Structures are given as C-alpha cells and as structure tokens.
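Comments concern the structure below.
The first chain written gets the first letter, and so on, giving A, B, C and D; residue counts start at 1 in each chain.
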Amino acid sequence: MTEVIENVLAQRYASEAMKAIWSARGKIIAERRLWLAVLKAQRAAGRDISDDDIIAYEKNVEVVDLASIAAREAILRHDVKARIEEYNALAGCQHIHEAMTSRDLTDNVEQVQIHRSLELVRNRAVAILRRLRDRTNEYEAMVICGRTHNVPAQATTLGKRFAMWMEEFLCAFEHLESIIATYPLRGMKGPVGTQQDMQTLLGTDNALQLEVVVREHLGFGRTLVAVGQVYPRSLDFMVVAALAQLASAPANFASTMRLMAGQSQVTEGFKEGQTGSSAMPHKMNMRTCERIGGFLNILSGYVTMASGLMGHQWYEGDVSCSVPRRILLSDAFFALDGLFEATMTVLDEMAVFPAIIERELATELPFLSTTAILMAAIDKGMGREDAHALIKRYSTAALTRIRQGEDASVFSRLLGMDSSFPLSAEEIDALIVPNTGLAEDQADTVMHFADLVISRHGAAAGYNPAPIL
Amino acid sequence: MTEVIENVLAQRYASEAMKAIWSARGKIIAERRLWLAVLKAQRAAGRDISDDDIIAYEKNVEVVDLASIAAREAILRHDVKARIEEYNALAGCQHIHEAMTSRDLTDNVEQVQIHRSLELVRNRAVAILRRLRDRTNEYEAMVICGRTHNVPAQATTLGKRFAMWMEEFLCAFEHLESIIATYPLRGMKGPVGTQQDMQTLLGTDNALQLEVVVREHLGFGRTLVAVGQVYPRSLDFMVVAALAQLASAPANFASTMRLMAGQSQVTEGFKEGQTGSSAMPHKMNMRTCERIGGFLNILSGYVTMASGLMGHQWYEGDVSCSVPRRILLSDAFFALDGLFEATMTVLDEMAVFPAIIERELATELPFLSTTAILMAAIDKGMGREDAHALIKRYSTAALTRIRQGEDASVFSRLLGMDSSFPLSAEEIDALIVPNTGLAEDQADTVMHFADLVISRHGAAAGYNPAPIL
Amino acid sequence: MTEVIENVLAQRYASEAMKAIWSARGKIIAERRLWLAVLKAQRAAGRDISDDDIIAYEKNVEVVDLASIAAREAILRHDVKARIEEYNALAGCQHIHEAMTSRDLTDNVEQVQIHRSLELVRNRAVAILRRLRDRTNEYEAMVICGRTHNVPAQATTLGKRFAMWMEEFLCAFEHLESIIATYPLRGMKGPVGTQQDMQTLLGTDNALQLEVVVREHLGFGRTLVAVGQVYPRSLDFMVVAALAQLASAPANFASTMRLMAGQSQVTEGFKEGQTGSSAMPHKMNMRTCERIGGFLNILSGYVTMASGLMGHQWYEGDVSCSVPRRILLSDAFFALDGLFEATMTVLDEMAVFPAIIERELATELPFLSTTAILMAAIDKGMGREDAHALIKRYSTAALTRIRQGEDASVFSRLLGMDSSFPLSAEEIDALIVPNTGLAEDQADTVMHFADLVISRHGAAAGYNPAPIL
Amino acid sequence: MTEVIENVLAQRYASEAMKAIWSARGKIIAERRLWLAVLKAQRAAGRDISDDDIIAYEKNVEVVDLASIAAREAILRHDVKARIEEYNALAGCQHIHEAMTSRDLTDNVEQVQIHRSLELVRNRAVAILRRLRDRTNEYEAMVICGRTHNVPAQATTLGKRFAMWMEEFLCAFEHLESIIATYPLRGMKGPVGTQQDMQTLLGTDNALQLEVVVREHLGFGRTLVAVGQVYPRSLDFMVVAALAQLASAPANFASTMRLMAGQSQVTEGFKEGQTGSSAMPHKMNMRTCERIGGFLNILSGYVTMASGLMGHQWYEGDVSCSVPRRILLSDAFFALDGLFEATMTVLDEMAVFPAIIERELATELPFLSTTAILMAAIDKGMGREDAHALIKRYSTAALTRIRQGEDASVFSRLLGMDSSFPLSAEEIDALIVPNTGLAEDQADTVMHFADLVISRHGAAAGYNPAPIL
C-alpha cells in the first residue's frame, strides 16, 4: 500500500491542540455529537424515538472507523451520506439526520472548528504578548542605532523596538477578539435555508427552539437568520484575513532579527547539538526567523483562495467552494499556529550581543544626531531649509571620507569649519549624544496595554511551546 | 505633450465624493492644513512664529500649482521636500515641517484619507442596505424555485433570497463599523518614532499635547504609541480586506441575477437608448452585474498587494511599500465605490418577470417537494434511508423521461405505483405544494436588522448614485 | 499517539503516480541516489573511497526509517544533517555529502521532483486532450443555442464549444512543453554557488565534469551556471503559473457544464448507487464539475505564495522560502492532478440530453437570427445603425410579450409590419434558421491540432483515471 | 469641474513609449485602423463601398474627440457603439463594423496593445541585460564576503553576484521570447465565434481570407481557430505572470543592494540636489531600490486579478472580465516598465565602496574558510562529521569571544590547540585565504550568454531611461 502523504503544516509545525481540532476523527465525533443534540431536541419536540436508539447512538459516538467510512464513500460518492450510513449501521437504526441536509451538518461543524481554532489562536496570541512584554521590559533602556531605509537614522532603544512590534500585534489581537465575539453560526436551516423540513417535522415553534438548542450546544452567541444552503463564504475570508494580520507583527520582528543577526547583534538561539549548515560548520542561521516569514507567505496564499470564493455563490448555494475550504481553513490555522510556536521559541531563546550594538552606536552617533544639530541651527536663527542643505553637504562628504578610512569625528570638524553655519565643532560635538526621546515612556505605555490583555487571559499567558524542529 | 493616462477606476466608475478625497490637490491641501495645525500648536508651545507668517501660510493653503511642485521634485528626487519648498516659497518663510519627518506628514494624511473613505463607504453601504431592504419587502411573498448546485432544490421566496444577500452584507457592515471605530492614527512621532525632535523642540509635555491637537484636528479617536517611521502596514491590509468583504454580498447578488437573466426571469434594467450588443440588436446583457463581479476580482488583487506588504518592515521602517500604497489604497476605495454605484443602479433599475418564474416553479414543483414526501414516508414508518433510496430511484427515472418529453406528473405516478412505498400517487400529489417554510419570517427579521442600521444613518440611506456608464 | 493529519489534496484527489513522486520515502531515496552518483564521480576523480563503502551505501538506499530520521532532526534541528547521519549510520562510514552543502542535495532533488511532475502533467494533459477531441467529434454537428453574457446570442454547435475549450487547453499545453524543454538544473554549486569546495576537492576539470554527471543522472538538458545557494525562485513561480494556466480550460468547461445542467441539458454522469443530496433524493448535482473550479481556486493561492517568494532573496540566498516551498510545490501538483482526474472522469461519464437542447433552440431561434436579419436589411440598402435600432426595438418588445406568455413568432410579425423596415415577416421568417457558420470546420481544424499532439504521445493518451470520490 | 485623477503608475513611473501604447487616443486610432483594414478587405471581397466613403473614414482616423465619444457612451451605455457612431458621424456614412461584433474590435486591438507592449518589454530587458553584463564585467574580480541566511558563508566576487542576477533575468527573458513568438490573435470570429456573419456577408473563402488580412495587418504570426466571443483569458494570465517573473531578478538585485547599503558598501547613487530625508540631512536612502521591490509587489496583485479571471467563462463568453482587464493589462505593463526604468537608473548610477567591502572580508575570512579547513581535515583522515562537529564547536566559541571584543584570529588559535584536530594553528591560518572558486569563470559564461542576446537586439541595448522621480 502506498505511503500516506502527510499534511506538512500540521505534522511538522502545528501544535497538538490545533491538530486535535482538525483531525478526521475529531470532526466525525463532533458531527455525531451534533446529530445527537438534534435528535434529543427532536424527541423533546415529540418525535417518537426510543431510549434504546438514543443509547445505541450515544455509545457509538467515539467508535470511529475511517476505513469503513471511506469504503462507503467510494460507492455513494457522497461523503456525508457515507457517514450517516456508517453511524446508523453502528447504532442499528435510522433516526439521525432527519429533516437535515448535509450542510446542516458540515457547515455547522466546520464553524465549530473555526470558532474553537480562533479561541486557541487568541490564547496563543496572549502567550506571545506576554513574551513581547517581557522582552520590551528587559531591553527598555538598551540604546540602539535606529534605522530607516536600512540606514542609520536616530537613536532609539531595543525595548521600544519590541514595543513597536507589540503594539502592531495588539491591534491585530483586538481585531481578532471582535471577530470571535460576533462570529455567527449558520444553524439548522435545511437545503435552501427556509427551515421547511424542520418546520414540517416539528412545527414552527419547535423548529425555532431547535435552533437555540443547537446554537447553545455548539457554543455560539449568534445565529444567522436567512442563509441559503451555506453560510456566506465572506465569513471565511474575514477569518483567514484576520489570521494573516496576526502574522504581520511576528514577521516584522523576524525580519529585523534576521537583519540584526547579519551584523552579529542578536541570535535567535542555538540549541546544544544543533547544526547551522551542513557545509559550513561555523554557521548559526536564523532559520526559525526565516520560517516565520515563510508562514506569513503561506497565509497570503490562503487569503487569495478565500477571496476567490467570495461573490461566486449561485442561487441558494453550490459547493464549488468545497475542495478549497477543505484545504484553506485547517491549513491557515495550522500555518498561523506554526508561526506562533516558532515566534514563542525565538522569543524564549534569543540572545542579544550588547558589545556589538554599542560599537555600531558609537560609529553612527554623529549622523544619528543630525536632526538635533538641525534644530539647534534653526534655534540660532538659520532657516530650516538652508540648515538642512548645509548639514546634508557635510554629512555626505563625511560619509565619503569615512568610507575611505577616516573616523566618525570628521563630520563635526567639517561642518563646524563652515562659517555660514551658526555652530562650532565643539557645539556640534555636544549635541552628539544618544537621545532616545520618549522611547521608554512609549514602551511603558504599550506594556501597560499588554498587561491589561494578559490579566484578562491569565492562564493562556503561561503556555510554552513544544520543542520545534 | 503626451496625453494624460487617467485612472480608469476613478474616472469611469468612482463617485465624485470618493474622487475628491484622493485627488492630488485635495491631498496637498490636507497636508498644508496639517502643517498649519502643527505650526499653531508649536506657537502655542512657545515657538517664535509671527502672525504674519501664519497668515502667509494660511492664505496660500489652497494655492496649489501641481506643475511647480513636479518641477521641484524632478530636482530634489523627494516628493515631500518638493512640497515643503513650494509651500515655503508661497508663504515667503521657512517654518513648516519643523521637528517633523516626511512620514509625520504623509502617513497621517493618508490615514485621514483612509478614515474619510471608510466613512464614505459606510454611508454608501447604508444606501445599499436601504435598497436591499426595499427589494426584500417587495418580493417577500413571491415564491420561486430555490436552487442549490444550480439544480432545483426546494421552494423559497425571492424576498428571502434578497434577505440572504442583505444578511451577508450586514455582517460585512458590522465588521466595517468596528474597524472605523478603532482605527488608530500614527501621530507625530518623528523619524524613528521616539518623538525625539518634537520633544527637543517643545519639551515633553508640549510634545505630548501636540499629539492630542493633531489627533483632534484629524478627527481620530485613538493614536498609536510606539510606532517607528510608519504605522504598521497590517492596518492597510485590515482595511483593504474589509473592503473586499463588503463586495461579496453584492457580487453574490450579481452572480444570481446573471443566472436568472439567462432564464429570462429578471433584467438589470435597460435604459431607453441603450445598446446591448453592437452585433445582435436583441441582446439585453447584464453588463452592470458582470461588472460588479469584476470589481470584486480587482479588490482581490489589492488584497494580495496589501498582504505582500505585511511582515517585510526592516527596523524602524523602509518605504518599499511606497509605490504599492500609492496604487492600492486609493484604487481599492475607487473599486469598491464603483461596485457600490453599480449595485445601487441595478437595485434601482432591475425588473422581475413573474410569468417566467411561475412557469419554472410549476415544472419543478414535484421535485422541490421530495423532502416533504420523504418525511411523510418516514412518518408512515418507513426507514429514512430506505425511503431516500426509493424516491431517488423514481425521481431519477422521472427526470430521464421528462428530458425525453413526458410531463412532470410522471414522478408521482411512478413512485405511487411502487407497493413498497407507503404513499399513493394521490397522497404524493397532495404533498406537491410550494412550501416556503419560514422564508417570510426570516425576511422580516433581517429587514428589522437593516432598519436599525438605516435609522442610525438616516441621511446616508437617501443617497442616489449618478448615472453610470 | 495523535492521529496523523493527512494531506487532503494528495490523499483524496491525487493519483498514485503523483503521490509517488512527492512521498517522503521517495524523496529520501532520490537524495541517496544523488549522493551515490556524486560519490562515484568523486571516486572516478581520484578520491579514496573503498568498494566496500560504496556497496554499504548502495545496499541501504531503500532502507528508509522515517522515525529514526525524525528523532535525529529533533536534536540537530537541521533536516539534511539528520538524513546524512542516518545514511552514514546505515552504511557505517562517512563519505557522502563531501564538498556538498544542503542545497546541493535538496534543491537538485526538488527540481527532479518538479521535472518528473511536469512530465506526468504533460502525459495527463494528453489523456484529457484525447477525450476533448472525442467529445468534439461526437457533438460536432449538434446545433445548440450559443450564449454570451448568459443570454442567447447565435447558433453554434456543441462540438465547436468543445473545440473552444480544447484550443485553450492546447495553448496551455504548448506553454507547458516549452517549460519542460528548457527547465534548468541548479547543479552542485556549493554554499554560495562558486563550486569552491568541489573544485578544492577534485580540481577544476573534475568539478566541471561532476556537473555533467549529476545533470545526466538527474535527466536534465541544462544546468544553471552562476547561482548562489539556491536556484532562482522565479523558476518555481513560472512552473506554478503554468499549472494554473492548464487548469483554466477544464474550469471553463466545468463552469459551462454546470450552467447547462441547470437547464437539464447535460449531466456529468451519475454512478449507480451515488447520492446527490442527503436531504433531497431527486438531486443529481454537478459536484465533480464544481470541484474542478475549486482546484483552480486552490492553484491561484499557490500562485500567490510563489509570487511572494520572488525578489526577496538576500545575498547568495536565505531559506525564508523553505516552508512555503514544502507546501506549494507538491500541493500545486496534487491540485492540478486532482483536477485532471476529475476532468477525465466527467469527460468519460457525462451525458447530453438532446431533446432539451432542441427545445431551447426552437424557442430562441428568432433572436439568434437577428444578425442575419440585420445584414439582410443592410443588403436591401438600409443603414447599419438604423437597422440595428429598429431590430432592437422590436426584439425588445417581442421579448417582453414572450415573457407575458406569447410565442416566439411575435418578433417577425412585429418587425415585418413596420413599413420602414425593408423585409416582410415572411422574408424575416426565412432567415430564422440555425446558422452555425464555420463551427464544424473550426472543430475539424482544432481536432487536427490535437491529433498531432496525441500521436506524439501515444501511450499517454490511453490513461484512465482511478474512480474518484 | 473635478480634477482628473491620474494613473499613478503611468504618469509617475512608466516611459513615454509604454504610455503611447495604452493611451485612450492611441487605442481609438488603432481601432479605426482595424476597421479600415476590414473595410478594405470587405470591398476587395465585393462589398459595394465607394472610394469617397473609404476616403472619408481615412481622413478622420486621427480626429479623436474623447469628450464627444464620452457623451455618446453616456446615452448608449455601450462603449463600442459610442465609438462606432462617432466615427460614422465623422465620415458621414455607416459602413464600418459590418458583420463585426464588439469583441471583434476590442479583443483584437487589446491583443495588439499586449503584443506591442511585450516587444517593448523585450527591448527594455535587453537594455537591462547590457547593464548587468557591464557591471558583471566591472566587478568580476572584486572579492566579497558571500552571505547565506544573511550570515557570512564563503568568499565570492561581486561580479559573480551580478552574474547570478543576470542569469535569473536571462531565464525570464527566454520565457518572454517564447511567449512573444507564439502569442495568438483572436481574429474576426463574430459574436459566438462561428464567423457566421462574415461568412454570410462575404462567403466562406473571403471570410477566411479576411482573417489572414487582419492577422497580417496586426502583425501576428498565428490566429486562434475556435474561440467564442473572446480569446481565452488564460492568455492574459500567462502574459501577466511572465511580466512578474521578469521582475524577480531586478527585485533580488534591489534587495541585496539595500542590504549592502545598510553596511555602507554601496549606494544606488545620489544626484546633486537630491534630498534623502526631510528630517535627517545626512540620509542617503535606497529609495529607488525599495521602489523596485514595490513594483514586483504590485505585479503580484495583477497576477491575482488575472488568475481570478480564468475558468469563469460562461458559455461562449461574458464580460465579467471587462473592468479587471481595463486595469490589470495596462497597469501590469506600466508597473514593469517603471520597474525597468528604475533598475536601469540604479545600474547606471550606483557606486561601490571597496574599502568597506575589504574591511568586512578581513573580519570574516576565518569563518568563510571553514569548509576549506573541513576538507583539509578530511584529507588528513578525519571523518567528515567528526571534523564538522569540532570546527563548529570552536567557531561558535570564537564568534562569542569576538562579540565580546577579541579579534578574528582567536578561531585558528582555539581550533589548532585541540589535539584531536589534525591541523595546527599555522596550517589552519594558511587555509584562511579568499577562495572564490569558479566565480570568475561562471561570470564569463553568463556574460557570453548575455552577449548573444544583446547582439541579436543591438539597437535595444542602447536605450537610456529618462530621469526618474
């Protein structure tokens, strides 16, 4: 028999908790539980179903034989019908799925998987927030050379840099929470959404009551009212887009970590026994950080799939979305879950090399201070644009000389010698200090915001990832 | 001189209101107003700026000479510097932009454009909701052949079908409102986000106060705290994804309208004088509905662009995102605006042909009733899956015969003759009635939800689109 | 232990042949064969490697213990190093991978997987072409109502419609063949691509000769010359884009099949025992055709992933592409393979219902003939645009009346009565005939093109898919 | 009146030559020329059209009044009909467009625009190749620190790095040429593609002959045979994907340039008068290189749009693709054209700072040489994996010490002292030399390939871009 091809995202990268939600067996059990909840509600509404039959279904809920179901599907060419017949055969009666259509089962169960996965993502995000908060705190006062366009710009602190990523992550987190709070269930609406069959079977009041029972069984706060065969696929897009958004701050963090590692300023950590390169024994690569960016790339692909499913629904529904949704929903969650595991690992294991950071800062400080010099010149009465032009001229000249071997003090010497500039070399040198502005106050504020979230979700913050590959 | 290539989305499809937000002139004026707000706050904080200079800037706010600015940029190779020098030249002094970096200007002004556009989108969405609500009401009781997989499934009502689209649209609308409510401003944070320059210029308290002045001037409820050079680009992704989501329900509406038109059941409307096809004089094409789907496709492309900008920020920021953002932000809004104009037009001008709808219903009714027949058979004691198998056998046989010319009654005749089936042909015929379940109640409920939104945004609901091309 | 999450695309949809190429075991064996080829070339170039050691490696090529390798990787955190140590442990010596870096192994083996998969895709495409050709032939003369904008337009033949899809498929096929012919191998270039280590080990001439040996061992016609650590990822994009292009014609075919099924004109086939709907026993859904469109949607997502990997290479290479490539390469091939299996199945099992097609044609014929009437009017001296306007007026009026119950002859009566129109009702009626122009000649020509391909790949044309789910 | 919103890609970034192909006026003239070619062919086939009428059309070909056409379209709601009536009104007769449908005009003219744009892209690509070749030559022997994972790996040369980008670009170029060579024209096929109307008007032979005339008039080598209303949209996808592929090598070049600039090793050039940052006078940003990556991001979005248009064609065609194609075709060409202009500018203006490059090389050389040391140890009889482990241990230790301030020689000292390692510190030091392997030979070979292309397209190689913003 042929080897099984595994889902790489699930098997290599996702956590056990996420895999449990999306496993074939887990889904079948969730379906059976939904059937039972409906069955009991139908009996409560007067349908003639014996205790023995209920018990027969109940005791077989977890008797899952995937091969038997597959054999049935090969004949029926209908996956839900195969699972109905399997469960009926196990129980020895034919009560389940009455007045239901396939999507009453599958759409609702998939939404449960989505909802639970969103909650898991929320919890993992809290665990990341806690780590970002701790690193912000740890490096709050560590002065670094801030860069824009990859070029030294102004001094800042490493803690503030972490606060920057944390604040972006908090925006995505808040967005996620609003989606979890409002995400609606399709409910038991029948083939074209009119609830006709359930109404016929149970009467109007009982049919409406059954909706409430199902919603509560599945743990939702809201039910959609006027769906067709399926819930709107734009909800899938909203969910997957929110996942991609959550990946952005970790990927920005990882990108800058990779850049800093290129200058030996940080490492993502290196486990005893780990190999960096099979050819070059000295290499300590940022492979986990690279991977984080890779997961975001993958999520972008699922966003494209999800966006391509919107707006193409024919009438009350078709399932041209069926195969894509089998892939993109679970796999988007696996990808983000893997990204989160990787991010936590890097946040736990990373190290900073202060000596290298200080060396860079010393070299770049004259240039990091040009705005302070500019403003001092304005204060002395020089026009802003004239001062800008002069500083630009001498800093450019200084950079050229430094590239040829001179040291960083050349800048203040050159600029101070120009008589049209209102500051002397000594006055300029006095302005060449690491000024990090409000960096620490900002970091404090964002840590406070993070603390509010963490304290709301205390248990989740303590999660530790399994060792990653 | 070469002809100007126009922005097709803006010039052919978008409304004047949306174009005004994103015009080059409009942006420059918004920038100058921001500079002035900052300048006045700086003067209030003690900077020495004369009344005459303030007045000189003020009276030139709307003196916009795009060609002059372009000429400056060609030399400076820096668009913001070009606009600073132009405005200073007009005013005859050099006060603006002090302690500011380019992104203090551009990111904030772009966020104002985004925020205003989101509000415009919200208003237009209300105007669509009002129309969907009215069509739901108009067709609430019109029975139609519901279809899934494009195949007749069960009876429903046309009003419920509109309610289905309306509810999807309401989900996207609610999502939009939560984004508008929480969308945060970058604020005046300086080159690497530390507020260093403004703090140096004004002192800590005044620098913090300036943030408040700017936020209020720009009409935002929140400001980000610890950004770098730019606000997180995942906010752009969140916005563009929300726009795409809003396009889904109109596109689903348009897809089904196109399908129904293929059976002559509806038309999107046909203006006196309009040509359907340059070759085939009889054609009345659904070109506006086709266009609606096209706009969603375009939005998917901008979603890809926006997702590709996330996670790639280097250090405190770079502007590899600069050119894509010049395209995707305005154009995503233009595309959705065009989609909304088109959708309103179709909702206003569409017509339904009841005679055709009734003819289809009559033909398909026996098959639309198979679930009712199934449930009646179960009630008579037959097993669900056995009954399902029998009905399937005879409906399949009946369809084959109908395709060869027999009429629809063949189904009940064949099924009724099978002695293992517990219902006679007459009993079956009695079940062949158009049963629309709770379709009308559902429509009522969703109309109620829409009314709540409409009443909150009364003025917006009355908007009428300009004639479309 | 936790259940394995399977790769859905592979396990549910892809063929055994495609799965074999991408299986974990298959890849490991391919790697070992590559190591052996290099080892032998190194020995031929003078390296001191004993016969016994070569034999030890050879006899362990297929001794694949995935669990043991996984255990090693968990410690080493480096997948290639884990596989090296496993293979060395099996053979009891340490010769393989000398002067090689990881990517010398993995990039080349992945390219072999890609190349073999492309050839398999090519063969399957031939099998589809053969079926499209046969259906074109079968329906060559069957007149149908051609539609544009989903609205009746002119008569055509069903065979010509198949020829349309076949010609689009031929364009994609030709593109595929040009890619297969030119797709280049990375080769053994070492860590930064300079061949330094192999040159040091073997000398320049032997290092160059080794490239030739490896290329021939792997079955490629060309080798890249100046790569870095990896081959350019734009090659991956080119390949995945070509796969998506191949999906277009089958998806267009499937879309129109779904539309035709909605009017009972075709079925994709219905197996004995198959269930259409678990709720509605009569339903015969076009689920396989829906699925075909779904696969294309999935491919679009992989195109986005692949496009996001281009242009982001840092220096001689990084592996931020690593995780995405583990997903998108194999899965894009699985998706297209599944699409092909589904398409062949539909082409084999579909049926057409001529009675329904003829009924539609009879109803629409007056309108399908408006261009002929227009041209006859021009021939009688009327201006083109005046004639167009008049025909439009009366066809619109006729359609309105038909929608209210009149029959199709109303059109010629109304138009013929207008004295400004140069044709009488009788003359108009004589023009109302099914004119399919050059449809059959076109079909003949495209069948001829297909035959040329089929005869070049005779064996491949005979492939039959396994039964699909 | 409202300000015109310009197409930013066209107006800010694209070249005049590309804009000319896609201007509104240019398209209208191309349409009129096509009408005239058809008209003359129709007269040659016997249609009664006077010399005066032909002359009237001819003399008005370039009389383009966009406002008048727009006014007509506002009434007709059909853009082609508006342009027909405008041209007829100018000529004073109604002969054009006879037996044609809109898509006979628009699809063919759009394909001409695409074909001409592809040729322009090809020519610009040659001009880039020429520059890449010259830079490869210039830096062929300049030794640099090669990096993988952003970490120093082995020595290479800067010329080889350019050759790497050049070879990737050559792959995309070759792909482009194969597409240009085979890209097929839709031709004059009529509303559903059967050529019915043209056959009716002219007879079969003349209708076929007309196809040849049109193809030759439009400069194509092939015509499609069995299209419907439109040519297959998968051809658009193929074209846009090829454009994105061409952007990859320039974007990889730009990414690495940005990285190198962060270490002061290169600059993209800085024009006299240019401003780097409005806040920080010293900044010399890599904004053009950043922009190059931005253009690729934009192209990815158009790829998504184009992929979303495949597979959704209903019957013989619909124009749900109409609005997306108005955007994505022209704008994909504008984006790539802008990217090419930017790339040529950087290649022309960039500068390298050898002193900085040498300083990095000196620091990293011990580590760049670890593979050479590894191989020497193997030569002395040590097992490969054992040697790898030892070198890893001491290089890691050395890096740690260097980060704390020691100098680079610590590595050979530590390793040489370990008695289990077969080389002394002196022997190790002798291996610490910049070994660039076959880097220069590789560069020579790729330059030779480039020369072959350049010599085939001599004139194109000499193109110089206009100054960029």
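Please note the rule applied: contacts are C-beta pairs under 8 Å (C-beta built on N, C-alpha and C of every residue); 3 or more make two chains touch, one makes a residue touch a chain.
Note that the structure is predicted; figures quoted are calculated from it, not measured.
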{"item": "Interface with more contacting C-beta pairs, comparing C-D to A-C", "value": "C-D"}
{"item": "Rounded Å distance, chain C centre to chain D centre (Cα mean)", "value": "24"}
{"item": "Interchain centroid distance [CA atoms averaged], chain A/chain C, Å", "value": "32"}
{"item": "Shared-contact residues (touching 2 or more other chains) in chain D", "value": "84, 97, 147-150, 153-154, 190-191, 197, 258-259, 275-280, 285, 287, 290, 293, 300, 303-304, 307-308, 312, 314, 318-319, 371"}
{"item": "Chain contact topology (line, ring, star, complete or other)", "value": "complete"}
{"item": "Interfacial residue positions of chain D with respect to chain C in the complex", "value": "84-85, 88, 94-95, 97-99, 146-150, 153-156, 160-161, 163-164, 166-168, 171-172, 174-175, 178-179, 182, 184, 190-197, 199-201, 204, 207-208, 224-229, 232-235, 237-238, 241, 244-245, 247-252, 254-256, 259, 293, 296, 299-300, 303-304, 307-308, 310-319, 371-372, 375, 378, 383-386, 435-439, 442-443, 445-446, 449"}
{"item": "Residues of chain B defined as touching chain C within the complex", "value": "147-151, 153-154, 258-259, 261-264, 270, 275-287, 290, 304, 307-308, 312, 353, 355-356, 367, 370-371, 374, 387-392, 395-396, 398-399, 402-405"}
{"item": "Residue ranges of chain A in contact with chain C within the complex", "value": "2-14, 16, 19-20, 22-25, 73-81, 84, 97, 100-102, 190-191, 197, 258, 271, 273-280, 285, 287, 290-291, 293-295, 297-298, 300-305, 308-309, 314, 318-324, 326-328, 330-331, 334, 338, 467-469"}
